[in-house]
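Given below, in the form of structure tokens, are the structures.
Heads up, the next two complexes both have chain A, just with different partners, chain B and then chain C.
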Partner chain A sequence: MKIVFTAKGKDWHSEMDPRFGRTEFLLVYDEEKDELTTYDNSDANRQAHGVGPITAQKLFDLEPDVLITGNGPGGNAARILQKGDFEIYTGAMNMTVKEAYDKFKNDELSKF
Partner chain B sequence: MKISIASGKGGTGKTTLSTNLSALIAEKNNDIVLTDLDVEEPNSGLFIRGELTHSQDMYKMIPEWDKDKCVLCRNCQNVCKFNAVIMMIDEVIVFDKLCHSCYACSELCPQNALPMQPQKMGELKRFKYKNLHFVEGKLDIGQEQAVPLIAQTLDYVDNNFPENHLKIYDAPPGTSCPVIEATKDSDLIILVTEPTPFGLHDLKLSVDTMRKLEKDFVVVINRHGIGNANVKDYCKKENIPVLARIPNSKKAAQAYSHGNLLYKVIPEIKTAIEKVADYIGTEMEKR
Partner chain C sequence: MKEIVVISGKGGTGKTSITASFAYLAENDIIVADCDVDAADMHLLLMPDFAHQEDFYSSEIAIIDQDTCTKCGECKKICRFDAISFQEDEYKVKPLDCEGCGYCANICPVDAITMEKQNDGDLFISTTKVKSTMVHASLNIGAENSGKLVAKVKSTAKEIAKKDKKEFVLVDGSPGIGCPVVSSLSGADYVVLVAEPTVAGIHDLKRVRQVVKNFNIKSGCIINKADLNKEKTTDIKEFLQEEDILHITDIPYDENFTKSMTEGKTIVEYDDKKLSEIIESSWKKILRLVERKEKS
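Here is the complex of A and B:
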């Protein structure tokens, strides 16, 4: 299973980024390969409007099975994300990526 | 002559000055057009009671995706500077709230698959009370962009009133795009502020904006008597004329809350508004 996190840093100990559209990084964890890869999304913050759909588009290219984020996507991004066949879990804020992963595994996050 | 009444901070008295000044000038047998350009929450109309003489729906142009013509080349998304058009898998999604009606996606679509269609964004109303003509632009609930309606309201005023009528524009607060639109064609900008640290902070932002736009501007201090002298000192240091000081008074707040014009009930405020009217009179003679 491929799981994507919105994060402020590049590793398991990084803090989760509660924002979807303007998240600094997208972290992809491939469970089968036990491999964590990083995608820089910081250019999103240089744009004034409409960042959500653009980040959503990037997410599609990563072909995830699950997205784990904090506040949850805004309305524009949600319109794009609903076209995907992955699951979205929210409520993973004020914690590290590792903690978010553990909470997901323990079924402690809310499904969007 | 066109005069915009603006401020950085909200609630400093733009509408108070706009309505009182316009009514006072009209009282002296001068034709005047007051236009409320604070289209997100116009409130000049609370103080100007006239006869409704005209009303129209206002539209902006938004691209509409034609599925049958589209070949999914993504050109529309690539040319859109506002991320308002997104090509996703087998579909082009238009985010109409993000669209700035620039036509780029529509004009540059090789398939003509994004024709522009009108979308209602608000209303324009026109009232008349003796010599006072009042025009109000009002954005529909849910619409996020003020600029297109401000631009069209300005066009309406340009096309429907003689050039020699004095025009007063009640601008939105702040220093962003709506304010630029509401001030860019004006000959003079009156910045209303209050003598408080917050008022001064946002006055400085407005002054920077007007200098960048190379506009003539003057200051009116509202609620004079509260706060401190820092606004006065700042204007002196920067050589910005302070046209008038509208005194702070509980009676003014009471009259305002009843939708009454202040100069009619408070002589000190009438004196202050008259100073502004006199300045405008002198400026008009110069032009």
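Here is the complex of A and C:
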């Protein structure tokens, strides 16, 4: 399973970024390969408006099975993400990426 | 560290007056962030000193290089903002009308148009009259607030809160339901909705509730001027119950609300008792709610 996290840093110990569109990084964890890959999102962050759809596009390109984020996507991003073939879990804020992953595994996050 | 965001949807409900009062009561225990940048006015009540200033770049503007331009006029034809004029045998960009979409730069057959970053205004880090740190911004003429600017104000406030070990960031949110509001809400721990019992007030409360719902953030509502239209106040309360929003308090209409403003004072500084007591108990209630959430 391929899981994407919105995060403020590049590794398991990084804090989760509660924001979707303006997240600093997208971290992709490939469970089969046990591999964590980092994608910098600062180019989206430089935009004044419309970052939700830009980040959503990036997410689609990553072809994940699951997205784990904090507050959840805003209106525009949510409309796009609902077309995706993956599940979204929210409520992963004020914790590290590792903690968010554990919570997801224990079914402690809310499904969007 | 917890982030409390105050929003209203509709303008004129008393959002900033109430937020400034909360900030006054909290003194130096919090960091204040004014994200209502289009019509920033919390500084009128909290008297920040504008000590630290930095330029803020957000939007872009089209620039036409006259030496390269072949005067084909394609840019003028496609600009949906009507921001390109033809004067004195030259195509020129009207800076106030250009939205920075970049369409013209994209279609120009000779690449005569470039998009340049525009200085949209100033970001300030100040000390308020109650010695708290306040992050705020002011826009240049014709510039608009954006999700990016709000994100910048909020992240600056949060960094300072972390550094100074403050437990709360109090955010005066942006109006409406657009990009700046989404940015105001994203990352928040608690939302305070300030509503008023009018047709427009209820309409806008419902609209902004939809945005908050997306983010799955706990929220409470203050009904300001609640005694002006009891029927509509009842309607709001029913809506709050349906939506599982906590009704924090009712504030009655009181001329001291505006009188305090004209003297550049927060309500809790100006008002004798009644209003101040309501606002103070609301603030305490909000703090309890935010802390309780952490424990649960």
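Criterion: the second predicted complex is superposed on the first by the 112 of 112 C-alpha atoms of A that agree within 3 Å, B and C clash if a C-alpha of one lies under 4 Å from a C-alpha of the other, contacts with A are read in each partner's own complex, and residues count from 1 in each chain.
The criterion applied here is as follows: a contact is a pair of C-beta atoms (placed from the backbone, for glycine too) under 8 Å apart; a residue touches a chain by one contact, two chains touch by 3 or more.
None of these values were measured; they are calculated from a predicted model.
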Please work out whether A:S42 is in contact with chain B alone, chain C alone, both, or neither, and reply first, second, both or neither. neither
Per the contact definition in the header, classify A:R19: touching chain B only (first), chain C only (second), both, or neither. second
After the superposition on A, what does A:Q57 contact: first (chain B), second (chain C), both or neither? first
Residue contacts on chain A - larger count, chain B or chain C: C
In the overlaid three-chain picture, which partner chain does A:R79 touch, first (chain B) or second (chain C), both, or neither? first
Starting from the residues of chain A touching chain B, keep only those that also touch chain C in the other complex, and list them. 47, 49-51
Report the residues of chain A in contact with chain C in the complex, numbered from low to high. 18-22, 45-52, 70-75, 78, 90-91, 93, 110, 112
Interfacial residue positions of chain A with respect to chain B in the complex: 47, 49-51, 53-54, 57, 60, 76, 79-80, 83
What residues on chain B touch chain A, complex-wise? 82-84, 86, 88-89, 91, 93, 95, 97-98
Note which residues of chain C are touching chain A in the complex, please. 58-59, 100, 146-149, 151, 177, 179, 182-183, 185-188, 210-211, 214-217
